[in-house]
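Structures are listed in the sections that come next.
Okay, so chain A shows up in both of these, paired with chain B first and chain C after.
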Partner chain A sequence: MADRSSTAPRREPELLPHQEPAVEKPARAPRNGWVGRPIERKEEQRHVRGRGKFIDDFKLPGMVHMCLVRSPYAHARITRVDVSEAEQHPGVICTLTGAEIAKLTTPYIEIGPDPSARIQDYCMAVDLARYQGEPVAAVIAISRGAAEDAAELVQVEYEPLTPVMSAEQALTDADVIHPAAGTNKVWQGTFEYGDVEQAFRDAATIVHIDRMHFHRFSSTPLENNAIIGHWDQRDENIRFWCNNSFPTIGIQLVAPALGVHIDRIRVETHDIGGSFGIKITNYPYMTLCALASRKAGGKPVKWTETRTEHMLASAHGNERTFLDTRVALDRDGVIIGIDSRHLDDCGAYPRYEPLGCVIWTQVFAGVYRFRNARINFSQAVTNKCPVGPNRGYSRMQQLWFLERCVDLCAHELGIAADEMRRRNYIRPEQFPYTTPNGCIYDSGNYPGMLKLAQERLGWEHWKKEQEKGRAEGRLIGLGIGTTLDSGTNNFGQSRIVNPHAPFSGNSQAANVKLDMYGEIVVSVGSVPQGQGHETTASQVVCDVLSVTPDMVTVRAGFDTERNVHTGHTGTYASQFAVSGLSAVHGAAQKLRKELLRLAAYALNAPEDQLELGIGKQGAEVRVRGTDRAINYWGLANIINVNNAGLPDELQDVTLNCRYTWRAPFKIPDLERKYGNLTLTYSSQLHIAVVEVDTDTGNPKILDYCAIDDCGVMINPRIVEGQVHGATAHGIGAALIENCAYDDSGNMVASTFSEYTPITSVNIPNVKYGNMETPSPHSYSGAKGMGEGGAAPVHAISAALQDALYPQGIYITESFNNGDSIFSMLAARRQGRSTAGVRTERRAK
Partner chain B sequence: MYPRPFTYHRAASLKDAAATLAELGPEAKLLAGGQSLVPLMKLRLSSPAALIDVGHIQGLNYIRAENGAFRIGALARHTDMAQSAAARHVPILHDCAAGIADVQVRNWGTVVGSIAEADPTGDWAPVLLVLDTEVECLANHGRRSLGLAGFIQDAFTTALRPGEVMQELRVKATERGSGGCYLAFKRCAPVYASASVAVQLALEGATCRQARVALGAVALTPVVATESAKALEGSDLNAKSIARAAEAAAASCEPPCDGRGSTEYKRALIRKLFTQAVNVAARRARGESVEVSHHYA
Partner chain C sequence: MPSVSTSANGLLQLQLTVNGKAVRAEVEPRTLLVELIRDILDLPGTHIGCDTSFCGACTVLLNGRSAKSCTLLAVQADGGELLTVEGLERDGKLHPVQQAFAENHGLQCGFCTPGMMISAVHLLEHEPKPSEQQIRKAIAGNCCRCTGYQNIFRSVAAAAGMMKG
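Presenting the complex of A and B:
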């Protein structure tokens, strides 16, 4: 049996190295049912008809509106906040200032250890504003317009301080952003495995890369953050209607900040217009809405974020700088060691951080075989918008780093890009593969994906085009990006950043019941934002109960009071196909067992002669091969409203079955930073063909291929949709989307006119392909997917490198646009070198 | 959207709009398609005390040929233009109209409003500058007509006087043997250009008899690149003369270095767009039907 640590007494971290895969092989699902079919999404009808229910659609009786006054400065002391004029404005009910917040709440729990645990993070700036757009006052009024008008009357005096605009600058501690912590360093640790020194002694070649940089971007969900908070004065209960995508963590932070029992908080989510992880950290705004509601006399308070607010002050993805990287290679170009220093910039407050300081190690080795590596990882606060777990969270930075290393080494050593990958990939026969840091890759076939991608793309054709083009002075490059999407994470990894963190494992709950007239109703407390959970959950249930999807109602969305949940419930980190659907599957199986037992009694037949199916009166249980049957209405009727005389052995039947699925994880070895951190590893292989205009530097994607392997697909249409979405996000990130700041700390892309999120005119025709290596770690063989590892960023960086290597240009930035490439080309033409990459060949 | 408070007035006619404007003074603004004004009001970058909505006036969305000119009514939308006979006859009008932002913006935004806005990165001004365009203005006390070049005075500033509205634009129909092209570089669909080039050529045999060149988004107002046009005139449009003219175009502006790119990068864009635009314009002048699309990142 797998270890179920929540039923067993809490055990101390296991210090033995995990030699054996820590994961048990579940029984495999049959392959001829609803699971695996590309059926239309149940959600499509309402969304296409504009009948979705989003938070801004909710209008509650007596509801009032909040508008926030935000800091124009990235770093400033707040010397005075005067709300008197605003409070006189017609329609204004009340205001809130930082000084009040400091009295009414305690700072949020910090996940990190001392001294970053001493950071005081409130839902509003108290005495220091630490990023442009940080809330400094709130105005609550009968209409949003009145609140906006009055907000302009709030007078705030600031004393500007030096903005700290990069992790490198922050780590000098010349200007400390959080005086209570005394340092800008949030976390620091060394991840070292194998024998790094020996690897470098053995190396035939060492490639040195001075500096690489992964830029800040966001996923710009279509719907911004939106919250209604209601502090009911009759019973002192607090209710939120919101689009937070990980509400269990949200309320675990909000409740202590407000000093209330978590049981008094009810959170509901409904349709959500995208989150990509960005909405996980909207809980400070939940806190504000609750306080505003209380001060407004118990009226519900709505806050809907504007796009500018979203760009300035929701959350951005993590920015990371890679310094002093050395890669050791053997004579065949096989990487045998990596040594590097990584600095992560988490913005003004850690919030979900420093979890990102360990989450990247889920893909420590990427798709490669090397065993010796040392990465010194630090994270710092800066005067930028706090980061949030943006699609591909913390892993895409590491994957990009590794992809750049492999790619630069290939060029330096003169090894063809595809050949270099093949030499370094983990081999198909090595699965399940235990990485140097103890993660267990469940399944995969990277060389197979490469082959498929090359065929789909027409690699040979493009190689010829490249050669022809080069002869004409054209700059065409082919780039490969191979990535992982690690899903269903082991919360125990939080202990690597803070041994006292009270989290581990992973769990999801589901409930499947027959309602009184025999309707099949599935509840999953997940928080879908377009992933089609209602559809995939129904497919799973259909296979267990032998019904069709139209007969299954799925209640997705979070509701603390009315829907099932565990403390891990949410929709994040590519897991629903494994964790959520395993819970649904477990609950459906429980119901099936009850149905059979009950039907055996009702039909007076042995259970093993019964079968489930659809008859003339709908879903039924019948005696195999006969028309003796009882339909679901009949069965539900017996249990719910017609239960006199029910025999003793059926007294436990409820037809209302809950199942909690727990991932079979152990707590990692904290000393060695070793253990299995995620259950499944989807993989992606993208190839981009990019031409750089020699005159302007403008890059243009000539062809593009995306291959995805997420094991058994529950619904291939949904998978393909996720791949297209992730591809668009990644292309946007690689070429046009950049949360840039100027030196004074102004966010220069605070509107869509400047941030330019990707549109259809920027997206090439994507050649999509799929591979299937079933996961031995999930009952269905599925692997979580949806984030996609930012494969386009890696593939496009590599393609640009391939195009520009002959020009003496190294791609060491994840963001490249015409302007930046133009300036690199211009620098080369003037003979200036663009970046420090050095290859040291050693006599071996 | 949460603009500052304003009063709203619905105009029954343009004359009525002009009268109301004169009465309400400089704090009042006309509202046409709202595709420039509303986003600015939403961000509170513009806060007129009064809006005079001309959007409900019937019969102003015309684009008609009359006396060798196309008259573009004050409410002709970008979409109207893209589908008009004028755009079929003068392809550069189609290049511009069909390439503005997205369908929603094109269905609301007007050509006249775009000129009235005088956004330095707007698409219409360079296009209408390489054609012969007159602006018809209307005020309480009468009408006047101005050349477009004189009408655009500065970034977001026109020659409109207090109480004066634009009634229509008059674009002279091009002659046989004349062809034009408008190309912009945009980072994504619904954003303004990083740089753009409008070219209108008249050919006589293989020789360029007359050329007009205007550049967008590279200065506070559209740049009429006279030197560049001169470099084309009299030439047979071979690669060398086009390159010389492209160089002259790039040299005729000092593009601001901003989030869209550096000065030199934008000059490079101008050269690139120019070269393609001249080639397309020449083919069209020879009677070929050529479809083009803007360049996107």
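Presenting the complex of A and C:
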């Protein structure tokens, strides 16, 4: 294939002079240590023995069980709830109804501004049910079976109301879902940068795309939500054992709703069977378990969600519709301007929203150089399950939108797919790159990734196969998806949706200590769900203390009483490699300094002659080149149990070192909606080769390649695993998984048998490759990764487009299965147009 | 299969072999096999991920056949021989399938892993040299949301190699 990347486009978009990066460049870690090695995870050994500690495994003394009664209607007035028969059922301890909840709690804090701030969101429906599956009553009984039996005896009368099933319908306000707010609109704002009007005046071509739609799906962790709540009546403290994956935001919402001081709430997580963000929003169920426990006389109350409950009423990813999109291109096919209107459907309650209304702007520009763009963004409530931050949260929708724009324009202009990307990518020499909205992309090499992916896939081979296939009437397409995984977010972006939001920056804490017999113990505030934090944290500590991973204990899970959290602590937004491990690194360095000071005293030697290492008696500090050493037991002994006569200058040594890492963020310019919103930008480039069956419309992946660049890899084995996982989620979302609703508001994929998460028989073999452009924004050069930016959705949409463009079909939906493709093929065969895309060529 | 005896309180008395040990248990008629395993026998390594026998987190071997224990009644296991993840390790030595999953990063969160490994054990007991297609088919009823299955395929193939050697 001819490489035309050297022919510079005539009308290069103006690049703004780079701002001074708002982040200081950290000192780089050495590259010859444990960081960077693909070591086996510490976590594997317990899990292969079936010894993971999951919440549903916990049996506490006196524990009772909660079962929820849920609304069968998407939108209905609740006219009567009668629990009297249920309360008579053997084994039942008590019940809870919405009317009680409204007396016992206050609505959750809303993140958005007026009027959406007036939305009243309780942990149970009070007078209106607003989505199918919303809890309307709870039954607490001595066994799960008894609670389930009694729940069937709860009588609820409903008066059905018109369900509002799309953001477009919602924004008409014909039926208002939250009367207190008076409108279904949650948030609206315009993000405009550069000179959009001039770009469209200058354009050689304008491509119009009437409507595109990114569907609802969920990464559906295999472990459902599970919570044990215990309101201890002896001291009025509340304790949760749960699988919430962002418990510090959870308790910041639960405590005010319950009217208790936050210090009275203790949250523990242990092993979590996946979250992918979905478990961030299980805090209403935490609230319910606490109230149920108090009403049950202080007994611990366990609630384990069923899969059907999970599908109906946990959280789905954001659904987004893109309307009236116009793309301005110069005569070389370089995008110079974009104008579009985006509608986000956040389901029945905003909960973590409207943060999604700004989080997509972390990747406003995607991987492309355009400088002029205007996106009018609105979010609305509908009568669907509330959304939650699902893997790739809010950014993948924007990235898919941009990828579709670039891809559709390439086809319309007759420019080869790879060539179109090369002409539009941000160039490697432009990093650090400041986007039109002030985000600073730390590093990257998108053309390099494309080249590597093409080689790894065998692009030329597949182009020939495609040509051969077309001659035989086969529909084969190659699709490129280039995407970003922005990590370590600046909570200051919340001010763009609500100037009064009391959030900004980002921080994580960690503690590294020597326990009394010299054991190295690490506590982190993160809430891992399979990402291997125990392993990667140990790798970081090993490099600082010159020990081996088997000598480092990393406490698994989260516990407020370990006191290693900040208000930002959780596992979300691709950040542990940067924020979490920077905290671990900082704490380990503090401990190292203390060890050297203490050893200098113990060994009567100057610090600069000391070194850390492993001796005959384990980890030790020694005088370089001698056999004079003191091991960690000896050092821990001096501080903890043998400290008489400790000199004054060592009184501050604790060997118990907590470090809080704070990201160097500023609050964005709220007027201009401008500023750095994320610290690191991992990138992914996937290529899919897809064949569409001409008779059935069934798509089949013939080949698949995934290239990842997350800067320096802490543990390449874990990175590859995360790429595999994100790839499966994306392929499932593109072709199989759809949280579809019918017009009446019934969720039609309410079990796994209908939702059909991707399995071993429909995942292709993934040709994996890696590139490394170290981040200048982290001490290790690592970037947060794991979410994957939904690259497969982009690549598969593009591959289907490539296969079906000659049929006159435009891919404007993110979800395409055999049914929908068959419908498009049938429509074309009947001569009907399938979608509104048109290209306006100017005489330039 | 012996007939199930009923105690005075209406509970059914079962006898079965679990991970090589004879056990007795009393269950309600409606008790599911997975509930017997997790709640009564206190073997929490067998998990529950769905309610339509799609996901396979509850997979065990019952009389040598892989079975989804959420879809069987406990009484159906009476007189039978049950193998759960807790029974794979023998004399402190991991089963080759466990070893291979650990070495090949064939898991992330660990929730599907017990059921997934049981399906792999079942496959390798019947097909010591499985093709990729046979591996894919053998775990088609076991859903994993973390790994994208790539390292699971590698793990099962590696286990086959270890068992052969």
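Definition applied: the second predicted complex is superposed on the first by the 824 of 844 C-alpha atoms of A that agree within 3 Å, B and C clash if a C-alpha of one lies under 4 Å from a C-alpha of the other, contacts with A are read in each partner's own complex, and residues count from 1 in each chain.
Rule of thumb we're sticking to: a contact is a pair of C-beta atoms (placed from the backbone, for glycine too) under 8 Å apart; a residue touches a chain by one contact, two chains touch by 3 or more.
Here the structure is a predicted model, which means the values were calculated and not measured.
Undergrad: Just checking: does A:T696 make contact with chain B only, chain C only, both, or neither of them? Give me first, second, both or neither.
TA: first
Undergrad: Could you say whether A:R41 touches chain B, chain C, both of them, or neither, answering first, second, both or neither?
TA: So A:R41 only meets chain C here.
Undergrad: Contact-wise, after the overlay, does A:R49 reach chain B, chain C, both or neither (first, second, both, neither)?
TA: Second partner only.
Undergrad: Which partner, once the models are overlaid, touches more of chain A's residues, chain C or chain B?
TA: C
Undergrad: Touch test for A:N817: chain B only (first), chain C only (second), both, or neither?
TA: In the superposition, A:N817 touches chain B alone.
Undergrad: Once the structures are superposed on A, label A:Q609 by its partner contacts, choosing first (chain B), second (chain C), both or neither.
TA: A:Q609 contacts neither chain B nor chain C.
Undergrad: Quick one: classify A:P757 as touching chain B (first), chain C (second), both or neither.
TA: A:P757 sits against chain B and chain C alike.
Undergrad: Is A:V748 touching the first partner chain B, the second partner chain C, both, or neither of them?
TA: The answer is first: A:V748 touches chain B but not chain C.
Undergrad: Just chain B (first), just chain C (second), both, or neither: which does A:D271 touch?
TA: In the superposed model, A:D271 contacts chain C only, not chain B.
Undergrad: Just to be sure I read the superposition right, which of the two partners does A:L222 touch: chain B = first, chain C = second, or both, or neither?
TA: A:L222 sits against chain C, while chain B stays out of touch.
Undergrad: Across the two complexes, what residues of chain A are contacted by chain B and by chain C?
TA: 145, 306, 308, 751-753, 756-757, 759-761
Undergrad: Inside the complex, what are the residues of chain B that reach chain A?
TA: 2, 4-5, 43-44, 102, 185-192, 259-262, 264-265, 268-269, 271-272, 295-297
Undergrad: What residues on chain A touch chain B, complex-wise?
TA: The touching residues are 67, 144-145, 148-149, 152, 306, 308, 693, 695-699, 735-736, 740, 748-749, 751-754, 756-762, 817-819, 822-823, 826.
Undergrad: Spell out the part of chain C that touches chain A in their complex, as residue ranges.
TA: The contact residues of chain C facing chain A are 28, 30, 38-39, 43-52, 54-55, 57, 84-86, 88-89, 94, 98-99, 101-103, 105, 107-114, 117, 135-137, 139-153.
Undergrad: Over in the complex, which chain A residues touch chain C? Could you list them?
TA: 40-41, 43-52, 54, 56-57, 59, 145, 219-224, 271-274, 276, 304, 306-308, 529-532, 717-718, 720-721, 724-729, 751-753, 756-757, 759-761, 763, 765-766, 768
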